[in-house]
Amino acid sequence: MEFFKRFSKRLGFMFVTLAVMSFIIFLLVEIMPGDVAQTVLGQSATPESLKALREAMGLNDPIMVRYFRWAGGILKGDLGESFYMRGVQISSIFWRRVGHSIVLALTALLFYVPLSLFFGVVAGVKAGKFTDSVISFFGLATMALPEFVSGVILITIFSVSLKILPITSVIPIGENLWQNLKILVLPALSITFVMFGYVSRMQRSSMINVMNSDYVRAAILKGMPRGYVIFRHALKNALLPSITIIGMNMGWLFGGLIVVETLFGFPGLGSLTMSAIKTRDIPLIEACVLFITLVFVVSTFITDMLYAYLNPRIRFKGGEA
Amino acid sequence: MKNFLLLLKQNPRAILGLSILLLWILLALLGPSLLPYSFSQMDMDNQISRPGLNGHLLGTDALGRDILTRIVYGSRSILTIALMTSLFSSLAGILIGFTAGYFGGFWDTLFLRIMDIVMAIPPLVLSMVVLGILGDSTIASLTIIVSIAYTPATARVARGALLSCKGSEYVDAARIRGESDFYIMFVEILPNTLGPIIVEITARFAYSIMMIASLGFLGVGLQPPTPDWGMMVIENKSIIREAPWAVLYPSLAIASLVIAISLFSDFISKVMIHEK
Amino acid sequence: MKKILFALVIFVLGFSTANLFAGGEKETEDKMVIRVAEQVPNLITPGSWDGQAFSMNSSIYEYLLEMDAETGELHPSLATEWSTEDGKVWTFKLRQGVKFHNGSSFTSEDVKFTLERTQDPDLGHLKAQDFSIIERIDTPDDHTVIITLKSVRPTFMYQLTDYNMAILSSEYDYGKLGESAPMGTGPFKLSQLVPKESALLVKNPEYWEPSLPKAEELRIYFVADMEASVSLLEAGQVDVVPQVSPVIARRLTDAAGFKVVSPYQEHRFVALVADREPFSNNDVRLAMKYCIDPQILARACQGVLGETFFYNETPILNRLAQFKEITFRGRNIEKAKEHLAKAGYPKGLTVELYYASDHPYGSELAQTLKELAAPAGINLDLKGFPRDIYLSQYWLNAPMSITGWGVRVDPSMLLTLAYHSEGPWNESHMNDTEVDDLIDSIASEVDNAKRQSYYDRLQELFVERGTVLNIQVPYLVAMRSNVQDYRQPATMLCQYKYTYIE
Amino acid sequence: MKNNTLLEINNLTVTYKTLTDSVVALRDLSISLQTQEALGIIGESGCGKSTLSYAIMGYLSSNGRCDGEILFEGENLLTKNQKQLMEYRGNRIAMVYQNPYSSLNPSLTIGQQLDEVTIFHRKLSRKQAREKTLEALTDLYLGDAEGLVKRYPHQISGGMQQRVCIAMALLCRPNLMILDEPTTALDVTTEAVILDIIGELKRKYSMSLIYISHDLGIVNKISDRIAVMYRGEVVEMGFKRALFSRPSHPYTRALINCIPRAGVVKEEVRLNTIPGYVKRRGLQETGCPFVDRCEKRVPGCTDKYGMMERDSNHYSACDRAYATDVPDKEIKALKISKEIPQPEERILDIKELYKHYRQGGTKIRALDGVTVSLETNQVLGIVGESGCGKSTLGHTVSGLLTPTRGHIIYKDKEISVSWRKRSPEILREIQLIFQNPGRSLNPSFTLETLLGRPMKKLLGISSKKERIKLSRQILAKVDLSEEYLNRKTTQLSGGEMQRAAIARAFSIAPNLIVCDEPTSALDVSVQASVLNLLSELQQTSGASYIFISHDLYVINYISDYIMVMYLGRICEYGKKSEVVGPPYHPYTEALLSAVPDVDPSLDKNTIRLEGSPPNPTQRIKGCPFAGRCHKKIGKICDTTPPPRIEFSESHFVYCHLKPEDLGAV
C-alpha cells in the first residue's frame, strides 16, 4: 500500500512539473529579443509581408491563448509547423531524430552503466589497494573530460590515424541506423568517458560505506566466506543508490548528447536542437527542449520507483510487529 | 590547518592536482606579459606551422596566431568565469538552501519543486537556449547563465548540510535563548556546514569549467578574437587533418585544468571528513 | 532475478558489438548516381531562396534562358527565341510540349504567373525591385510572351537568368509546398526529401531534351560543417562537395583521385555605412581603406592574391569585362591616422563590425580586419552571429558589416540592388546623386562603349568616396576524379544534367 | 592448559598505528575461561573491551597489530588465516553486538540471514536449515516464528531484533558466546527479559559466555567471575561476591562506590568520584595505568606492577584498595536536612497537559493529560521507559515544543507557548540541559563565546571584560580551570563538556532547570561527579529541577519527588521514599525488580513483562499499562481509566487494584 501511495504521489508531481516546464519553455522563447516574423522572412521582409505573416502565425493573439493552443496541439501529438521551413510539419523530422538519439543514448548507457558499476564495485572492495587507486585515478581523469574533448581525442586516434571509424555520422540515403551502427561507436564512447568517471566514483564510495557497515562485519563474523558476503550481503545494498544516481544524471547525458551530436554531425535530437536554436525556429526549439525535459523527468521518476521497489525498507513500510 | 599540510604530504595525487592548478593560475596572471606574441597577432608567413617550428612552441592556427599564447590568454577568461560562477552559485545556493531547509514546511516543498523544475532542463540546454537568444555572450552574461544553471545543485547540498545540523541540541539551546532565526542560521549552523559546502564549491569549480568550454564549443562562447578554449577547438576542427595540434592542445588544456581541480577537490573532501 | 538480468545484459552487449563491425559493404549499384554533400539548406522556395542549396534547386527548376558555363553566352532553354527592337518591348517564343513534374503542361500562363509573382507584397520576393520595371505582360498564345517595360533595359534578358526567377507552375501552391515539395520542369524530379538531412532526386523521364540528364539519380546530403562533407568525399561516400576552403582544396589536389574546380568568384562586401557615425565622414572611410593589406587578407583565407583571391574598392569583380584597373592606394598607417585626425578622431575610434560567424571566410576576415585596423587606432568590436540571426536581426542596420554576395553576370543588376539610394539591399546606405544617375544610365544605355565609360567613372568615384571594400573570394568545388563534365556558370546554378561518372 | 579450560589468552597486546602516532588498545592482557563458565568484563568506554572481543574473533582493522597468544581449545587463533578462522566464527565462537538494528542486513529477510549460518557450517539443505531457524527462534520465546522469517529487520522492534541476533548466534550451538553490550540500546524491562533468556540458554546448552558491559549491575546478573579492565589492562579478576565485598584494586573500589544504588540518596552521602578522565595510552607508558587518578598513589606505583593472586582465584594488579597509610578521602556529606524543606511558593503548575503530533500520517500521543506541580528549591524526578513522554514534558516546559492542550503556569504566568512568544525574563529563568553534551555546545565556538552569549543576550551584559570575569567565576563553580575558556568543545572530554553546559545554564541564575537525562551519555565515574555537581548547585542556588532519566537509581539519588510515567500518563507520584518503597504501582514494582543491582548478594527475581511493547499511536481507553501488566485483573483494566488511589496527601497511584493488594512486594 505504502508503495502505491508513493507511486501516485510521484506521478502527480511529474505531471505538474511537466506542465510548469512547458509553460516556462514557452515563456523563455517568448521573451526572445527580435520579432519572430522578421526572423523568418529574413532580408526580404517588407512591412506588409511582416504583418501578413504575423497574422498567419497568430502571433498577435494574447500569450495565454497561444500557449493553450500550442499545449493542446502537443497533447494531441501535433507539434505544429516549423516557422523556418514553412510547410514542413515538425513531427515529420522530429520523431526520426528522437529515435536516433534514443538509440545513441541507450548505446552510451549500455557502454558506461555496466562498466562503471563493475569497476566501482571492484574499487570499493579493494579500497586502498593498487587497483583501487588506478581505477579511481582513471575515473577522476575521464570525469574531467568534457564530451567534445574526449570526442576530439577519439577522432584523432580512430579516424585520423587508424582510419577504422567514420569521422562523421551520416546515414546514407535509403538506409537506416541499423545498417550503419558503426556511426554510433565514437559518439557513444565520448559520452561514456564522462559518465563512467562520475558513476564509478559514486558506486565506489557507496560500496566502501556498505563494506564498513555493521551487518557486513556481522556476516563475516558469522563465518561466511568473504566472496559470498560481498555478493550476497554487500552488492545489493551498494547498487541501490547507483540507480538514483544514473536516473539523476540523465540530464547530464542529454547535455552531453548535444555536444557529441554537434561534433560528429550525428542526425539526432541534440543536433536538431542546436540548429533550431541557430535558426530560432521557435516551435522546433519548444518541441526539442520539452522532449528533453520529458525524458529527464520520466527517467528520474522511473529510477525513483525502481529504487523504492528494490529497497525493502521503503517497500514494506507498514506491518510493524 | 596544521593537519591540512600533513595530509597533503601523504597524498601525491593532491600535490599533482594542486601544482597543475597553481601553474595555470600563474600562467593566467603572469603569462601574457612573458609571451612574445599577443593573442590576436597574425604571423602570416607561417600559418598552420608544426609545433616547435620558427618560434611557435605549440605551432600556429589557420590565421597564423600562436596557439600557446591563445591558450594562456584563454586560461585567464575561463578561470575568471569559473571562479565567479562557483562563488555566485554557492552564495545563492547557501542562501536558498538554508532558508528552505531551516523554515521547512511550505517553503521547503516549494523550494524542492522549483529545484526539480530548474534541474529538469539539463544545464547545458538551458544556457544554450538563453545564450542563443541573447546572441552575444560576454564574460558577464556567461557567468550569470552558468551560475543560474548550477545554483540548484549547490542549494541542494547546502540544504542537506543544514538539515543534518538543524536537529542537534545546540540549535535548540540557541532557540530557547531567544536567538533570531538569522543568527541561528548564519552564526550557529553555518560554521559547522562549511565542510560539505567547501567540497561542493571546488567540485562546482571543475564542472563550470567543463560547461563553459562546452558552451564555447557550441558556438555561444566569447566573441572572437578573445580566445575561448571551447571556441578554439571548434574553429580549428575543420583543419584537424592538417593541424591536429591546433585542436589537441586546447582540449588537453581543458582536460588538465579540470583534472587538476577534481584531484584537489577530491583531496579537500578527504580533509573535511578527517577534520570531523 | 539477478541471473536473468545478468544474462540479458550479456546478450544485448554481444548482439550490438557483433552488429557494429558487420556493417559490411552495400551491394554495388549498376545505376549511375551522383552524390553531393552540401551545406544545410535554408529557405529553398524560389523568390525567398537565398542561394545556398544550389545542387537541389538548380536540378529541379529551370529558367527561360540558360547560360553557357565556358563562354557566358545565353542559350535557349524553356524559351526557344527572344527578341527586342527598342529594349522596351521583349518577345519570347516558348518551347513546345514541355511538362512540369506533376504532369501539367508548360504554357505562357506559367511565365506570366512567375513574373507577376515577384510583385506579390505578401511574399517579399527578392527580385521585386528589379521586375517593378515591367509595365505589361501579354500572352497572345500558349507559347508566346510579350513583356513591355516602363523604360529601356538593354540587358533585361540577364534578369531572367537570376536564380530566383525559376519558372513555376501557375496551378501549384508554392507558398505551402515550396519548402517541403519543390516542383518544376527541370531534368531531375524530387523523389524524397528529409528536411535538414538529405534529398533524393531521380531522372525526369519526360524531360524535353531526351538525351539528358545522363545520371539516373542525384543524392544530396545536407551536412552541417565542411570538414564532415570532405571526410565523406575522402571516404568515397560522396562524389561532389561544393564550397570547400582553399586549405582543403590544396590538400585534395595533392592527394590522388580528387580534383578541385573554381567556377566563379564571390564577393565579401565590407560595408562602411555612409549615413551613420563614424563612416558618415569620408575621411574615416579613407582611413579604413588605407589600413587594408590585400596580401594579408588573401593569406588569412589561405588564398593567393591575384590567383584565387582579389581585392578592390569598387563593387565590380576583377574578372568581369566591365572592370577598370585602378592602381591600389597601398597600406599606409600614417595617412590613415592623418585622415582620422582630420575627421576629428585624433585618439582613434571604436566601431562595431557585424558578420555571419558560420559563413565561409566570415570570422577569418573579421579577425584579420580587426588586426589590420588596430595600428591606425581603429578598434573594430567584432559581433559574430549565426548566419540566419545575422541576416534577419543585424544586417542592413549595422554601422559596419561583412556580407557574402553572389556573382551577377550583368553588374548593373547588383548596382541597382546594393548601391542605388532606393536599392532594397543598400547595406551601406549610400545616397550619392551622381552614383544614382550613373547607375540609371548604365541600366538604360544601349550603346556598349558609352555604357563602359559610365562604369569607368563609377569605379573612380567609388575609389574616391565609395563605401565598400570588395574582397573577392574563390568559390571552389571539390570532386572525385571520375566525375566528368561538371558545369556551373556565373548564375551559380550547377548544370548536373551534363555531368556523368566514368 | 588445564583440562576443561576453553579459552586462554596470554600477554595479549594490541596496538593501532594512526596518522601521527601509535595507540596501545590492549597491554599484556591474560584471561582464562573454563567450559560452561560466564566471565563478565566490566570497564568504562575506551578501556579496550570491544578490541578484546574483535581480537578473539580475529577481526582487527587493517592498522591494528596483535602480539601474544589466544588459545581456544588448544589452538592459537592468532596463527590462523582468515580461511581457517571461518571454521571457528559463528560455529564454535559466536558474537552478539550492541546495536541489533545495524547488525542485520536491511535488504534480506530474517529467515534468509539465519538459514545461511547452518547451510554453511552444517552443510544442511535449505529446508532443514529453515527448520533449525524456526527452532532457534522459538527458543528465544519469539511467537509466530513462521511469520517472522518472512519479515525484514526494519519491521520488528529493537528487543525482538536482539533476540533474533542471539538466535542466530545459537544456531550452531557454539562453545563460546561473546556478548558485547547487547542490551545497552534497549529499555530496562526488555533488557531484563533478554538477560534472563541468556542465562537460561547458557545453562540449557552448557555454553561458556564472555559478557562485556560498562554496567556492573548487568554483569553481576549474568556472570560468575568478573574481570575489571582499565585503559587496556585487566586490573582485577575474581568471583563477583569477593570482588564486590572486598575489592583489592583501588579502581574497582572507586568504581563500585560511584554507581548510585538502591538506598543511596543525596541526603546521606555524596557519590564517590574519580578525578580526571581516561587518556589515550602511548607506547612507552609503563607501570599502573590508573596512577594519575588513584587516591592511594605511592611513589612505587609507576614502576613495579603486575597481576598477582591475592587469595584463591582472586587476582589483582594492586592491593591498596583499603590501604591505611593514605587515609580515605573524607567525603563531606551535603548539609541537607533530612526531610524536604518547607515549600515557599509554587513555582510551576502543569494542568491536564496534552501533546500530540503527526509523524508520517500516524498520530503520536506523546503526552496524554499530565497534571503535576513543583515548589521552589525542589527536584522533581521523572522516570519511565523510552517513549513514555518524559522528554516531551521537559521540552514543552522549556518552550521548545508548544503543547496541544492544557496549561503550564510558571509563577502565575501562562507560558504554554513556544519560546518565540516568551518574554526574555522567562527565557532567562527557565533553562534546559541536554542529554548529549557534545551536541548541545556548538563545536566551532570556544567556551568563552559559549558562556558569554547567554549573558550578553539575556542579562544584557555588554562589556566583554565583565562577561569574562563572570565566566571565570562560573567555571570555578563547576571546577573547570580558567584556561578552559579559550578551548573548543572538541578538545574536552565528555564529563568536561557536560560541566561546561551546566556552567552555561547557571551563568544566568535561572530559577527552574529542566535536566533531560544529563548523565546517561557519560561514563559511570564521570556520571557521579556531574550528579554531585548538580545537587550541590541546586542546594546553593535554590533553583528547582525537573530531572528526567530512565535510570531509577539516579532518580532515587537526586530527586525529592518522583513521578513514574508510562505512555504519556502518570502511573505513580509521591515523595522519593514513598515511591521507592511499597505500596507500588505494578509498573513501578516491575521497574524496580528489573533494574540490575551492583550488590550481587541481593539476588532479585525479576518480573518478566511479556506482551507487546508500548505503542504511542493507539488510543488508550483504559489503563496504558494493561497490555503488559503482570497484575492485570481483567477486562476492566482495558476499558475504564484507572481511578486515583491516595496513599498519603503527597503519594497517589492510578490503578484498579485495591490499595492492600498493591502493598504486597
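Residue numbering begins at 1 within each chain, and the chains themselves are lettered A, B, C and D in the order written.
Criterion: contacts are C-beta pairs under 8 Å (C-beta built on N, C-alpha and C of every residue); 3 or more make two chains touch, one makes a residue touch a chain.
Because the structure is a prediction, the values reported are computed rather than measured.
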| item | value |
| --- | --- |
| Chain pair with more C-beta contacts, A-D versus B-D | A-D |
| Per Cα centroids, the chain farthest from chain C | D |
| Euclidean distance of C-alpha centroids - chain A vs chain D, Å | 53 |
| Whole-Å gap separating chain B and chain C, where each centre is the average of the chain's CA atoms | 43 |
| Computed distance of Cα centres, chain B from chain A, in Å | 22 |
| Residues of chain C touching at least two other chains | 225, 227, 358, 386, 389, 393 |
| Multi-chain contact sites of chain D, meaning residues that touch two or more partners | none |
| Touching two or more other chains - residue numbers and ranges from chain A | 33, 262, 278, 280 |
| Chain pairs in mutual contact under the definition given at the outset | A-B, A-C, A-D, B-C, B-D |
| Chain A to chain D touching residues, read off their complex | 128, 213-215, 217-226, 228, 232-233, 236-237, 240, 310-313, 316, 319-321 |
| Touching residues (chain side chain C, partner chain B) in the complex | 225-227, 245, 247-248, 251, 295-296, 299-300, 302, 357-358, 363-364, 366-368, 370-371, 382-386, 389, 393 |
| In the complex, chain B residues that touch chain A | 13, 113, 116-117, 119-125, 128-130, 132-135, 206, 210, 213-214, 217-219, 230, 233-234, 237, 240-241, 244, 247-248, 251-252, 254-255, 258-259, 261-263, 266 |
| Contact set on chain D toward chain B in their complex | 19-20, 398-400, 419, 422, 424, 427, 430-432, 434-436, 439-445, 453-454, 457-458, 504 |
| Chain B to chain C touching residues, read off their complex | 40-42, 44, 47-48, 62-64, 135-136, 219, 223-225, 235, 237-242 |
